[in-house]
Amino acid sequence: MPRRVSLFVTCIVDQLFPPVGLAIADVLERKGCEVEFLEAQTCCAQPAFNSGYRDEAREVARHFIETFRDAEYVIAASGSCCTMVSHHYEDLFAGDAHMLKEAHRLSARTFEFSAFLTDILNVDDFGARYDGVVTYHDSCHALRELGIKNGPRRLLSKVRGLTLKEMPAAEECCGFGGTFSVKFASVSGAMARTKIDSIESTGAGAVVSIDSSCLMQLRGALLRAGSEIKTLHLAEVLASR
Amino acid sequence: MNSASRDAILGRVREALHRKAGDVIEDAPPVRLDVPELGVPARIAGFRERFEALNGKVHVVSSRDGARQAITEILNGRAAVASNARFLEECGIGWLSSVRTGLTDREELKAACAEAPVGITSAQYAIASTGTLAMLSSAEEPRLVSLLPPAHIAVIPASRILVNLDELFEKLPLPADVTSALVFISGPSRTADIEQILVRGVHGPGEIHVVIVEGC
Amino acid sequence: MSSSYPIQIDATVHDPALQKAVYTATGRLMDMRRNAVALVPQFEELRNHANAVKRHTIGHLDHYLELVERNVEAHGGEVVFAQDSTEVADFILTLAKQKGAKLFVKSKSMTTEEIHLNSRLEAHQLEAVETDLGEYILQLADERPYHIIAPALHYTRHDVARIFEKKLGRTETEPSDQAMIARAVLRQKFLDADIGITGANFVIADSGAVVVVENEGNARLTHSAPKIHIAIAGIEKIIPRAQDLAVFLALLGRSATGQAMSVYTSFVSGPRRTGEVDGPDEFYLILLDNGRTKVLADEAKRQSLYCIRCGACLNHCPVYRKIGGHNYPWIYSGPIGAILTPQFHGIDHDPWLPFASSLCGACAEVCPVKIDIPRVLLELRRDVIESKTAAGANKLERMVFRMWAWAMKRPHMYERLGKMAAIGAPRGDAKTGWIKDLPGFLAPGPVAGWLQERDLPRPAAHSFRELWRERQKKKGPAT
């Protein structure tokens, strides 16, 4: 049964990594979803929220809620942005009964991409092929707020030609953390290097994640270290043939 | 100072919680105690396994006389101070010439314990699931005997081994009613404060034995 | 108020020996916790239960404080309420004078670190000796704890040897030898001490008791050998019933060091009783506020007071593991320090602190009493910004966020700005397309911060929305 799904590509994917959004659309369409992209969407408001600017965050969150008011399913290209909508909008609208209701309504319809595949579509094989060894990085918010741990691994296990090699510190933060990455650059950089040591110890040719922001941090640090290891969003792996 | 500070603190607490003196108290969440069924042999085996994993030594004997023999072997010629526990008396600890017992003066006891190579006590309970001794301070069982000497021997009847900590608190819901100090001992004294390297016997005993007497 | 973080952080991050020491030690503590927790299938239930008990107790704290007071007195002890460090010191100094006490032995207590008790006593020619091995080393070195449960975690045996040589004239470098040197020195102190001072891991309301958890035996000696025992506890340390310990002890040892039970757990209710040969003649419980009632007043952040000081959040925090304990402004370090410090000291004191987190959530995941530390950090960030705004101290950043919000509500403006960035951004590296370096005038603060550590992606030539339009056009009209 085709489902109408609305892409929430996130501003990072929209502006920096558009192929990720296309890959998500391809994968969803492959299983009969009717994919829409609402052009009114911009950002989920997390940068302002995490920086302590609640009023500004609230304005942008309100725009987001209005944008997706009629969407049947909202599919987020990022675990972190997904939790902003599904977990933190209620903090923003705690004092506004109407908006709080809208926030809860939206929260119930918003899914991180891989969780939508494994938990709602109940599909794990997309006929994908990727020749090589990869390792998987657990993005913090997907792991700890959404409880996403085995789903992406199951999806990867069905990809032909792909070998998944676990890294020792898969659950350790990559050091991105939004503005943390630039306000505490030296700490963030050191965290990334620790993560990279862990990735390199697997001998994998690529690191896969469901958050483009983690991948931006890791790719930036890998390039700086002169590493050849690639970064891939899970959707890019699933879309490859 | 104290009464003014007391009132100030309680006042601030009530203001913070929007409460008034004498406001009703909701019930605390029910106590959570979970005591599985376990027979005495399994309790002994469980205690032995845990306690030895902590680097303690367990000796199981079948009589009070056996306990005395075990102690003689463990002492291996060392002198000892023993507590005034009735069970130790029943085991005939007083017959051992190298063991000093019956101390009732604080300073004398402290001096004896500071010198003795070994302290011998009983214990009110032992706990199988964690390899723990539960010592209740009393006239029979002073605190320093199990603390100052570098080695400690505890002698207990097998019937006093409990399944877990939950069972202890089931038996002793209000420990303060029966003692001024309840001390749990799980293995030898240890530290890992320097480079996380394990060192035993840093302040308390580095050597600890439990003699379990079956059938009593 | 200063927004910038201590520059010493950068030095710590680039000190390979220290990095290795802290990362290895915390990693080992993480492994020990993981292995211990794996053996307890109902661990999650225990955490939920402990959270509920703490929430209840903190929510009725006035009642429980009075209950503690009544029950301590019922067992022959005395409760002293102290609003701050001065009141604690005044009480102890008066008592010492009255009893002619000169020598204090102390077991490890974060609460006494909080109020700098040792230096206050020393100022009155009283000797206060730390007896936990790690704390003793720190006292000799005149440093504060690096970690809540492993105070000397940053020292190697050679550091300890240098400290012992200077202060004790001993040069041994084996940790076992060093521990025995400390044992010998401290044993005499225990035997000579007039007063023993302990902290309290828990204060038990229905028993009027304090519970002290340790591995070395120094806390037992502290409350057993001298004639006077003073326990100092924050008012938040109360749990209602002795029976609650079954759950709290199961959580504490495993979370802290992976131990099912710490070696020694003492449940002390008052002075020795009639007939007892040894034990203290007097028992005092000092219940300290020192800012706790301030924390209590904020409903969302009140949960910070549930903490049982296990240190698990430090071990699991990727930021603590990089910056170590001494870059935190107060004795409480790591995630719990990041939420306690601003609430105790005031938000304007170290406004950078709540921001020194990637919000990864590892702390909340392991907290035995389930304090939602990331959430409290977010609340504190809001408080910092509100306070700065009121003081007009963040005009530029505020303007940036206002403009950002303005643009984000206008999709066309958002798209146009994105397009301008894509066209105007400098070229990337020929091979990778990512930007490696920029001249200063092209790199405002955040960009420079990024480039200091990493290459920077260039905005895509065509945004997703542009590509989407193309894609839909190619697919033809929707069916």
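Note that the chains are named A, B and C in the order they appear, and that numbering of residues resets to 1 at the start of each chain.
We take it that a contact is a pair of C-beta atoms (placed from the backbone, for glycine too) under 8 Å apart; a residue touches a chain by one contact, two chains touch by 3 or more.
On a predicted model such as this, the values are computed, not experimentally measured, just so you know.
Engineer: By count of C-beta pairs in contact, what is the leading chain pair?
Structural biologist: B-C
Engineer: Find the chain most remote from subunit B, comparing centres computed as mean CA coordinates.
Structural biologist: A
Engineer: Determine the chain that sits nearest the middle of the structure, using the mean of its CA atoms as its centre.
Structural biologist: C
Engineer: As a quick test, compute the distance in whole Å between the mean CA positions of subunit A and subunit B.
Structural biologist: Chain centres of subunit A and subunit B, defined by C-alpha means, are spaced 53 Å apart.
Engineer: Using mean C-alpha positions as chain centres, tell me how far subunit A is from subunit C in Å, no decimals.
Structural biologist: 31
Engineer: Among all residues of subunit B, which ones touch two or more of the remaining chains?
Structural biologist: none
Engineer: Quick check: in the complex, which residue numbers of subunit A touch subunit C?
Structural biologist: It comes out as residues 9, 11, 13-18, 21-22, 25, 37, 39-43, 45, 47-54, 56-57, 59-60, 63, 88, 91, 140-141, 143-145, 171-173, 175-192, 194, 216-217, 219-221, 223-224.
Engineer: With touch defined as at the start, can you tell me which subunit B residues reach subunit C in the complex?
Structural biologist: Subunit B residues touching subunit C: 1-2, 5-6, 8-10, 12-17, 19, 21, 23, 25-26, 28-29, 31-34, 50, 54, 84, 103-106, 109-110, 114, 129-132, 137-139, 142-144, 147-148, 164-166, 168-170, 172-176, 179-197, 199, 201-205.
Engineer: Show which residues of subunit C lie in contact with subunit B when the two form their complex.
Structural biologist: By the definition above, subunit C touches subunit B via 25, 28, 42, 46, 49, 52-53, 56-57, 59-63, 65-66, 69, 71, 75, 80-83, 87, 90-91, 131-134, 137, 150-153, 155-157, 160, 175-176, 178-180, 182-183, 186-187, 191, 204, 206-209, 215-218, 220-221, 223-225, 235, 240-247, 249-250, 257, 259-273, 275-279, 287, 289, 293-294, 296-297.
Engineer: Where on subunit C is subunit A touching in the complex?
Structural biologist: Against subunit A, the touching part of subunit C is residues 5, 9-10, 13-14, 19, 23, 318-319, 322-323, 352, 355-362, 364-365, 375, 378, 381-386, 397-398, 401-402, 404-405, 407-409, 411, 414, 418, 421-422, 429, 432, 434, 436, 445-447, 449-450, 452-457, 459-460, 462-468, 471.
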